[in-house]
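Given below, in the form of structure tokens, are the structures.
The two complexes that follow have chain A in common; it is paired with chain B in the first and with chain C in the second.
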Partner chain A sequence: MTGSRLSRLGAPDIDESSVSGAPDAPARAHRRPDAPGPGTGPVRRRRWTEDKVMPFVLVAPAVLIVVLLRLVPLVMGANFSLTGDGDANGAFIGLDNYRELFGDEVFRTALKNVGLLLLALPVAVAVPGLLATFLFMKVPGHRLYRSVYFFPVVLSPVIIGAIFNVVLSFDGPANQLIGALGLGPVDWLGDSSVAMFTVIGVHIWATFGMALVIFMAGFATVDQSLLDAARSDGANLRQTVWHVIIPELSQTIQFVFVTTMIGMLTGMFGLLYIMTAGGPGGATYLPELYIWVQQGQMNRPALASAASMVLFALMIIVGFAQLRLIRRATKES
Partner chain B sequence: MPTRGPARWVIAIPMALLAVATLYPLLFTLNVSQKTRREYVLDRFGLADGLHLDNVVDAWQTSDLGTYTLNSTIVTVGSVAALLLFGSMAGFAFSQLQFRGSKTLFLLILSALLIPFQVIMVPFFRVLGEMGLLDTHPGLILAYTAQFLPFTVFLMTSYYSRIPREIVEAARVDGASTLGIYRRLMLPLGRPALLSVGILNGLFCWNDVLISLLTMQSQGNRTLMVGVTALRGQYSDNIPLFASGVVIAALPVLVVYLFFQKQITEGVTAGSTKG
Partner chain C sequence: MPAASPDGPRTRRLSPRLTAAIGVSLFVSLTACSAASDDGTSGGAGGGSTDKLVVWDWKSGDPTAKAYIDAARADFAAKHPDVEVEFVAQPFDNYYTLLGTAIEAESGPDVVLFNGGAQLRDRVDALAPLDDLLGDNQERLTGWEAFQADGATYAVPITLQGMPFYYNKAVYEEAGLDPETPPATYAELEAACTAIVETGKDCFSLGNKEGIGIEFHLSAYGPGVMSTEQYDAWLAGERDWASPEVKQIFQMWVDQSEAGWFNDGANSTAKFMDEYTKFQGGESGNVIGLISDVAHWKSFDEFLGDDLGVFKPPVVTDQGSSVLPVEGGIGYAVTEWTADPELAYDLVDSLSSTEALTAFYAEAGAIASDTSIDTSDSGIDTVGDIVSWLPESKPLLHSALSADTLELMHRLSQQLLEGSTTVDDALQQLAAADK
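So, the complex of A and B:
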């Protein structure tokens, strides 16, 4: 819709031949770039403005949408978090929401679970890193493995959660398997001391393929001559990984740490929603689920906003690293 | 560093086991979806004795999966179209055109990468409500567009910045307008990136549950992933039907994955190495 309206603004004065004639352009390159081309007489004045105005027209939809629907709501949310709910709706109450939040047992559990995510983070990075190294060594069947490992990444957390609801049910195949080894049965999702580990495990199962392909892309940039040199110097696998691959991949490793942590902080809602809904006894809350429950079910939008700001603070800490990486990437391109 | 000799085969064993562990839950669900209810109660693990496609038909007919699928399709197609249009426009301008404030505006858009939806959920819900777009398809399309636009602009900008400036300058010397260059040069040249970004965004929209759950509250407007969460309650005593519903919901994604795996992995790794 917008496209056709825009094209009426500026397009009529060019035709196919003006662009396809581009290859012989250098011969005429002495002409000032903003000078009108042949046959554009009547629109000469518009043409000068077009160059200046069009860039803004082109970025306008993206800038407007992002500012109005991402950045402005962030400021509004920060404001909400300082106001009351219910009878005190809209009234400024200072930091009361934050006080209530950190006094709330459920939210404290949510933060404790973020701590668990942090503990799981090295595993969630090291396992795909090791697997990528093996794939890079071209073990038999590496192409197939890569496709298989990545597939759960494209499935919705809801689908994954639904599948594991059945697999991890008390009489499901998971317990059958460990039963065959003489263990269990474990109440994977019903035992409050186990459930969060279960959900984190499922999340890692579902997403390690993501880190894997990022590592693989990093491996593709490793200087082959370094590897050849290491080999001719008689380095074994461990030495090669430690002294060549890890230093060469430091940027990729950082990137994987950041994206994996962000995935854990913001990508587990679907799993939690369908697998445990925060239970048993609030044991599997994360900030994102807490926000949703307070906004949607408890009708406490201001309290939810305060929790949002805490999540945002966590994101900023992680995102600091991300922003540094993006800046480096854009600088070098 | 291709290693030769038996070491490769030793490593291949745990790799193969992990591949089995990755596929098993999926195949188990597929198998269960083909069992009768009786068969499932008697034996959960054995292979289904033949195909029971009527489970899939049953699940389709006794739930609103058809409506949900239609909603998901409308919203995904609409969002991807908007994302590709706005993303390529902005990506072209940021990478190839000089204008005042270009860098600032680009960083402004990138900064939104740090704002997950959970953080702005409450005010977003109000803004959408004030626009009268809650519980409507355009509302959810707008929500997805806002959500995935920063990532799209970032990828399109870095893709277009690899196109030599001379091409644009030559076209301009030949009298092409900025918009003409966008339509006749940038859109065709950007096709590989547009395909990759489009498929990735399509998956994001199709797979989302949080945004859809928040904005589409009436049952007739539910998307497929929200619908799947409802199946669990509906078929709690008939797991094969539940599994069939899950298989139906996962099938389009499997097909897309089989055809576009390369584009998907290229898209998700595009920001990870320099350039």
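So, the complex of A and C:
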């Protein structure tokens, strides 16, 4: 409507380049001294107004960071994983890297160990959950325990690994202790059937404090009136935990499950590196250690990229599956 | 929030100031990104400059290497006073990971330190061949084989690395053995070990947590088992993993473990330095050590003093011989992306000058690649023995293997000690991997 009016009036002195991308007449209108003032139709239809641009400007830093530092490397990594190493550097080789990965016994062991981690996950969540429940119920000395449980979290994995290397060495205190109990020594880190469990155990010990804090924060949100109601209905402890606390903590439990799993899959490198270096016989490899070895020691960055993509896919699948399962398990039907 | 009024600030035309701010920040971030993906002419940690050279190593931060680095710096400054030299000491554990990243980006250091053998040979594509520049150094220095690939030389050796058997004379005496006559044959070594094990000590300290123990085993016993022809063929790439000699070397690894020669928990004991700490602490009679860097005559001498002895690999079979396995230990290479390879080589030349290497030998206890260095005044007997064995030494067997094969061998060695695989199976896997 306005456009037709303007074209009838004619506007020969308007610089069209200043409104490039907006060749329609309303955009030109603002330049005319006799154009309608703000608040009328043509102004609202302007393409580049501050209220339209500002939202983009404000989200741009976040979007740029996600795109440049996350998505672009991800796509580049996926692309890189389809290229060769060494003489074939940069050449497209299709899925050969993936074929090699799944043919590699060490990588298969690493994936099996991921399965082992998933099996250990309920323990890694139950330990802080149980301890947080005790703290919530204010067992004697709960203030002291609260700090003691959190203490290992502030230590770096390297220090924890070094400490447990000494504690668990063949002639170390752990074996002396079980020797005093009349049991034979165990090569905690040198026996391939034991070493992975040892490292997982140490990892749980080292990290459960953080989950404990999250649980305690969750407990703070439990509705006291529900607990009182349960008590006056004569619910015992087991019933209170099962029918009140767990459903109330459903969100917290989901969160702890997912963060603990991510921590196990991506945060055990330091411990593994210090405690077993993947040995003995490759029994304690995890995908991230495998990635590091292939990239750094074997000079196979493209193969390492392929392993990274497998780890990435694994985390997505396991993460989503977990969310669904736990949501179902922790909500009362 | 109240709804924006049509003539309020939210419908204002985009102000020039805001447009400029957005434009500038976009420009800055885009140029920053493009600089990061540049081909090394800008940004990054040096490289490609003619007035500055960047050296990557894992030695220059070591206090014992200070005199060496200072001497090399002074020598280079005399030749090129206008060129700045920066030494970047990387942590050794991550050295090749970091270097891999630099190689992938084709930017970073101009001069890089390398271990001889597999680590260098896997990365020669990123290095400049130095043959035309070597000149007199070729005669003065030894240990070149470890830094050559396909007939070209890619690094200049700084130290020699070898694997002699060190022994503790006090432990030998305690076991009723003659401390001045170390074993010369494998039969004598077996007898000595039986006697030492009976005293309740370990015959050998062994740390195989990383699987490196087998490298030492292979290279140290290899000369005593293989004939000269087999040895040379192995180094030349014609390796017969099914031969009785190779099988014997790996069988010895298993037999020694079963006979109780090693400390308990070898698979969970770190070679560096738990294995050597045990030996220095008098817990064992012998250890297969090194001649440079760490675990060598100088570091053992601090703990054992006159009780420290050294012997060459024992003769195991009739065709075997007792020669010390030695080759170039570490050496400096020039990256292929450096702006002026000759300038970078001049720095390598300074780093391998007699004066600098003498300082390295004296302070760090490294057996330098420079044969003209006088070692007679060290006051430590073992170094005299080691230096006297150098002329007839042979390169190390394990460094002829690729990084892949070595990694597999590490894992198999742990499985062999555990008993979860057999020698035959291990050798089959190694034969398949070593192609």
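Quick note on the criterion: the second predicted complex is superposed on the first by the 250 of 333 C-alpha atoms of A that agree within 3 Å, B and C clash if a C-alpha of one lies under 4 Å from a C-alpha of the other, contacts with A are read in each partner's own complex, and residues count from 1 in each chain.
The rule is simple: a residue touches a chain if its C-beta (ideal position, glycine included) is under 8 Å from a C-beta of that chain, and two chains touch if they have at least 3 such contacts.
Please read all numbers here as calculations on a predicted model, not as lab measurements.
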### Query
If you stack the two complexes on chain A, which partner ends up touching A:Gly296: first (chain B), second (chain C), both, or neither?
both
### Message
Tell me the contact category for A:Ser308 with respect to chain B and chain C: first, second, both or neither.
### Response
first
### Query
Is A:Ile159 touching the first partner chain B, the second partner chain C, both, or neither of them?
first
### Task
Applying the touch criterion given at the start, work out whether A:Gly190 contacts chain B, chain C, both or neither, answering first, second, both or neither.
second
### Task
Examine A:Phe269 and indicate which partner it touches, taking first as chain B and second as chain C; both and neither are also allowed.
first
### Query
Which of the two partners, first being chain B and second being chain C, lies in contact with A:Tyr98: first, second, both, or neither?
neither
### Message
By the touch definition at the top of the document, which applies to A:Leu71: first (chain B), second (chain C), both, or neither?
### Response
first
#### Entry: Residues of chain A touched, compared between chain B and chain C (which is higher)
B
### Partner chain(s) touched by A:Gln251 [first = chain B, second = chain C, both, neither]
first
### Message
If I apply the document's touch criterion, which positions on chain A are contacted by chain B in one structure and by chain C in the other?
### Response
38-39, 50-51, 54, 68, 165, 171, 292, 295-296, 301
### Message
Please output the residues of chain A touching chain C within their complex, sorted ascending.
### Response
30, 38-39, 43-44, 46, 48-51, 53-54, 57, 64, 68, 86, 89, 106, 165, 168-171, 185, 187-192, 195, 276-277, 279-282, 292-293, 295-299, 301
### Query
Hey, which residues of chain B end up touching chain A in the complex?
1-3, 7-9, 11-12, 15-16, 18-19, 21-26, 28-29, 32, 44-45, 85-87, 89-90, 92-94, 97-99, 102, 105, 108-127, 142-143, 145-147, 149-150, 153-154, 158, 161-162, 167, 169-185, 203, 206-210, 213-214, 225-226, 228-229, 231-232, 239, 242-243, 246, 249-250, 253-254, 256-257, 261, 264-265, 268-269, 271-275
### Query
Which chain C residues qualify as touching chain A in the complex?
4, 6-7, 9-15, 18, 22, 29, 33, 94, 96-97, 100, 104, 122-123, 125, 209-211, 263-270, 403-404, 407, 410-412, 414-415, 417-418, 420-421
